[in-house]
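Shared chain: chain A. Partners: chain B in the first complex, chain C in the second.
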Partner chain A sequence: MVYARLIAMRLLKAVIVLFLIIVFNFFLIQLAPGDPAAILAGEAGATDEAFLRQLREQFGLDQPLYVQLWHYVSGIATLDFGYSYRQQMPVLDLILERLPATLLLTGTAFVLSLALGIFAGSMAAARVKKISGSVIMALALVFYATPLFWVALMAVLLFSVYLDWLPAYGMFTVGAHYTGMAHILDVAKHLILPASTLALFFMAIYTRMTRASMLEASQQDYVKTARAKGLKDRVIQRRHILRNALLPIITLAGLQAGQMVGGAILTETVFAWPGIGRLMYEALMQRDYNLLLGIFFFSAALVIVFNIFTDLVYRLADPRIKEAS
Partner chain B sequence: MSFFARFAQNRGALIGLIILALIIAMAILAPLLFPESPWRMVQRPFLPPFEVDGFVLGTDTMGRNVAAGLMHGAWVSLLIGLVSTSVALIIGVPLGAVAGYYGGLVDDALMRFTEFFQTIPNFALAIVLVAIMQPSVTSIVLAIAIVSWPPVARLVRAEFMSLRNREYVEAARLVGQGNTTIILKQILPNTLSPIIVLASLMVATAILLESALSFLGLGDPNVMSWGYMIGAARTVIRQAWWLSFFPGMAILLTVLALNLVGEGLDDALNPKLARERQ
Partner chain C sequence: MKAPLACAVAACGLATLPAMADPQPGGVIDTIIQPEPPGLVLGMIQNAPTRTVAGNIYEGLLRYDTDLNPIPQLAESWEESDDGLTYTFHLRKGVTWHDGEPFTAEDVVFSADVFHRDLNPSARAVLQHVESIEATDDHTVVFTLKQPFGPFLLSFEAGTFTMVPKHIYEGTEFRDNEANNQPVGTGPFKFENWDRGTVIELVKNEDYYEEGLPYLDGVNWHIIPDGASRAVAYENGTVDVLPYGTVENFDVPRLAEMENTCMTQEGHEYFSPFAMLWMNNREGPTADKRFRQAVMYAMDREFARDVLWNGLGNVPLSAFGSNAKFQNEDLEPYDHDPEKARELLDEMGYDGEEVTLLPLPYGETWTRWAEAVKQNLSEVGINVRTEATDVGGWNQRLGEWDYDLAFTYLYQYGDPALGISRTYLSSNIEKGSPWNNVEGYENERVDELFNEAATAYPEAKREALYHEVQEILHEDVPVGWLLELGFPTIYRCNIKNLVTSGVGVNDGFKDAWIEK
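This part shows the complex of A and B:
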């Protein structure tokens, strides 16, 4: 019951946020220099006047602003994101076609960064006064400062160009037409570089967070009790400290979802990974604003869904929150 | 202990400060050492580094001097980092102060507004803003500021909430000081140290954002920047590694230095916390 109400509340909030983003998008188109019809058509100037007139009528651009806003909002509410004149396809189809690749990439990077970050962070927390602990933290600091797109390029240079271990571009080998297991392995091989370079930055965040959170938890009284009982250090680290330290990390991980989507734009661009990030880059290059705004809306929706999901996980992991709410 | 002594106790912060000083020196010396435009073709293209005197870092695809681009780029990165952070502070500090000081409905409304901006994916929003406003230093600064003010507002709000009922604030109220005076003269000065720490970290993030934007081709077309240099060299990475390697190292070192300095400032401004952490 509590969950049902909670989900309903979160969904209502999500709908409001998405509505505001649609309104925001609408005003962005108005703000852009030039004719909105030309912008919707994805052209920068040299377009056939008859075509523009037809667009203006179609979008009702000759009508008052609030009528236009209504058309725009009701259009998106019925999942009509408009048409990409550059790619000759409806925006929605373009995005849906590319979405699975992005979900695969960000999902893998998310799990990878969380697992490795928690592992490295707890290692560092257990070795606070040792050199190995400091080395882990120094590395985390460096990865935190490394531009995502650059580390991706350097990975291509090292692992594809010099060592020739992994493919540098795309999601599958072109022309190979693998099926079944061979296909999965092929995609996995293409996934390694993009997913691990995207994960690196987030791994650094989780490492720092896990260490700080574990050091804080280790000051608690129940840890002293466990130590007084004569439990082994390793058991205390894992059962008493890590478990309690995980909660703030889940919250943080939820908040990082937006960043992950942003990172995917860069990684997909470098690796030519056929997801919505790459699509956004193409839309940018072609000044296809309608497509750009559609992707923007979708990425925000993606983040909201993920936030609701982590919120639920958080509540499942910590029953205290249920009682409090 | 003096402020600097506490700062210098953190060895990383000291290293960060030295790196940062070097990069600032690069930015200042750029027009003196390379008075010519970094966009000019000065040698044959694809000249590898350490081969010809005067072109230590080689030349790019158009025969432009990589070292000159790097030094002029330092100026742009630091400028955009500093200005966009200042703009973010100008938006975030008043919003957070008003929300935290008055509480109630005002606080609710302002926090919903802040949350809205926090939900939208940062980088995607920045891309859309710059693309629609057309790439220029101004639009980049605005876009970065618009995506980075929410943490400032939240921090300032939390500080104000914890300070607004302190005795010295009550005393100021008793002597008849108005709300504006109390906010500006009594509470705000006491929130400065966490704001300074956050701001130094924000400059680092802003530089990363700027480089990512110009990497995607959304940089100001009249200004040489590190992100642009990497973006332009992306397709020739197999032939010319140095074109993307050096600007990337410059970004990494600058951002790292700023993060280190930020941590050092945190230790120096909040000595109690620093001691607890050890």
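This part shows the complex of A and C:
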């Protein structure tokens, strides 16, 4: 009951926030120099007045701004996200076509970084004064500080060019037309490099945070009590320290999850992964307003959803929060 | 073949192919297209990547050899009347569209008179000279011109005058037609599949009308957004052909040295991209002719070609490139001469006023080139500030004439009336486009000469007019003439006949075959 009311309230707020985001984005985009008709004409390398006029009419750019805004907002209310000027397809189709690829990549990276990060962090926390703990932390620092694109390029050089173990780019082997299990394995093989590259950075953060948080929790009185009770060290680490240390990690995981739609531009570009991030970057360069707004909308919606979800998970991890509210 | 002219020209076109072993059929070529094209219906979209992929799906009436002589394609022969006003094309028989419908003269009339008039600015520029287009029978089309138009026969290339199927487009809203996702042409390859963001697959047209062609079973166009990844794709053997512009220039020497790797800069003759420096003729120091001449003397164009463009390309003498006709070779070249540049600046009393320079936002080479030019200009005392933009910003700045100096490059299309006069005609001054007379040059005599030369007949008359106009332009320097660009195509040497025409970058796979 409490949950239901809470979710309802949050959803109501979410709708308002989304509306504001749409309007804000709409005007923000108008501030960028250049318009899509001129860019399309520019790409063709030849143009005349008639051509530009045709394009602007077709896109509705010849109408006053408030009319365009009204068309856009009322369109979204009926789940019509408009038409991509450059790709010549409905925006919704384009986004839905690319969404699975991105979610596969970012989802894998999310699970990978969270699992490995927490694991490495707990290891490091349990081995504070040992060399193995320092090694883990040193690695985490390196991955945290290294730019993603460089890691990506080096990974390609090592694993694709020199060792030839993994494909360098793409989501599946072009021209092979695998089906069924062969296709799944093929995609999995292509997924390894981009997903690990993307996961490294967040894994480093989770590792550092888990360790710090666990060290802090291990100083608490209830840990001493547990020790005094004679519980095994492993049990204390898992049940008393880790669970209490999870809150900041959940916060961060919520943030990372919110970035799952638009957060992989660089990785998708370097590895030619056919996802939303690339679509968004290209749309920005092309001033493909409708497409860009559509992707913004989806990213914003996802962030809001995960914020709500994170709040719920807090309550599961720490019953005290439920009581407080 | 009816007309002896066509036969002679065709034979001459074929003779330029190197003699070699018999072609072996079979095999699929993996190559790259960069950036991903917005669509594949040529005629509706004319940007470079669409031309390059769809040039294998669609065809024009004519093709051009590397000397830009017309050779038969969908038209097997053609005749020109003695007054230069009537052109009769005899179409090849037995040609079918990819959906099995026959290709007839009606398709030609529809494409030219309806489809292109409505959608295609480059075709419109030619069509304004055309009085009427008629199909006299199923395989004959007659174009009647309002006045002679010298480059008329150069306008029938697939990318400019694409033949589109009447039975699919007639009476529909062209841009919204469902068939746009499944392009239907007459070309050697058929559209098979497009995984957006990953690959465009073309397969052999088994019913192609030219006996034995194409040799390849298909072409896969990989879509890889990152330049370094594209180079890797060639290095690790995933792709075998890197068309123009797919890798950064600084990667070219490394890739060209790889085993079994060949490089050519042919196949661009028709476009012959000409890099220029817009100089704003309206205001600021660039409004002074002496300043613009000084810029020409200050720039070390050979250095730019040798260092930034790997020695590919050609330093132009003046406004007419080497692949355009009627070049006036008697002009005094603007050599790299900083001393002369300083003298000119002193003479005009240049006070060190700052000028803005917009690099072309097309990648690293252009950024570096802008740095090199900035340094050249600083050496003679010109105070330059570079301003980086993205493509949208660049379009807008040029369209609104908000710049002093700016890089660009333009296609020459083999004839001054198609690709060169547009930069200098004062009737072409109009805000909102980065491709017209952006510099704002106005000269009545130049207008007269260009207009007269476009419709003068026969060719000899055009030559005299164009030579005179070049003299004026050479003196006035409305824009800076930087480089006729050479774009390399890098490929495995066992791929033969990859580039066989003056538009070879766009229709190359028709004749290509893989030596096993």
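To be clear about the criterion, the second predicted complex is superposed on the first by the 278 of 325 C-alpha atoms of A that agree within 3 Å, B and C clash if a C-alpha of one lies under 4 Å from a C-alpha of the other, contacts with A are read in each partner's own complex, and residues count from 1 in each chain.
The rule we apply is simple: a residue touches a chain if its C-beta (ideal position, glycine included) is under 8 Å from a C-beta of that chain, and two chains touch if they have at least 3 such contacts.
It should be emphasised that the depicted structure is a prediction, and the values quoted were computed from it without experimental measurement.
Look at A:Arg278: by the touch rule set out above, it reaches chain C but stays clear of chain B.
Contacts of A:Ala300 after superposition: chain B is touched, whereas chain C is not reached.
Once the two complexes are laid over each other on the shared chain, residue contacts for A:Leu198 go to neither chain B nor chain C.
Once the two complexes are overlaid on the shared chain, A:Leu292 sits against chain B while remaining clear of chain C. By the touch criterion defined above, A:Gln88 reaches chain C but does not reach chain B.
Contacts of A:Met171 after superposition: chain C is touched, whereas chain B is not reached.
When the shared chain is aligned, chain B and chain C each come close enough to touch A:Ala32.
When both complexes are overlaid on chain A, the residue A:Leu52 reaches chain C alone and has no touch with chain B. Contacts of A:Gly263 after superposition on the shared chain: chain B is touched, whereas chain C is not. For the contact definition in use here, the residues of chain A common to its chain B contact set and its chain C contact set are 32-33, 153, 156-157, 161, 269-270, 285, 287.
Chain A meets chain C in the complex at residues 32-35, 38-52, 54, 58, 86-88, 94, 97-98, 101, 153, 156-157, 160-161, 164, 167-172, 174-175, 268-275, 278-279, 282, 285-287. Interface residues of chain B facing chain A in the complex, by the touch rule stated above, are 12, 116, 118-125, 127-129, 131-134, 204, 208, 211-212, 215-218, 227, 230-231, 234, 237-238, 241, 244-245, 247-248, 251-253, 255-256, 259-260, 277. Of all the residues in chain A, the ones that touch chain B in their complex are 17, 20-21, 28-29, 31-33, 141-142, 144-151, 153-154, 156-157, 161, 215, 255, 257-259, 261-263, 265-266, 269-270, 280-281, 284-285, 287, 289, 292-293, 295-296, 299-300, 303-304, 307. Chain contact summary for the complex, chain C toward chain A: residues 28, 30, 35-36, 38-39, 45-48, 119, 121-122, 124-125, 175, 180, 195-199, 201, 218, 220, 222-226, 228-229, 232-233, 235-236, 238, 389-397, 399, 410-411, 430, 432-435.
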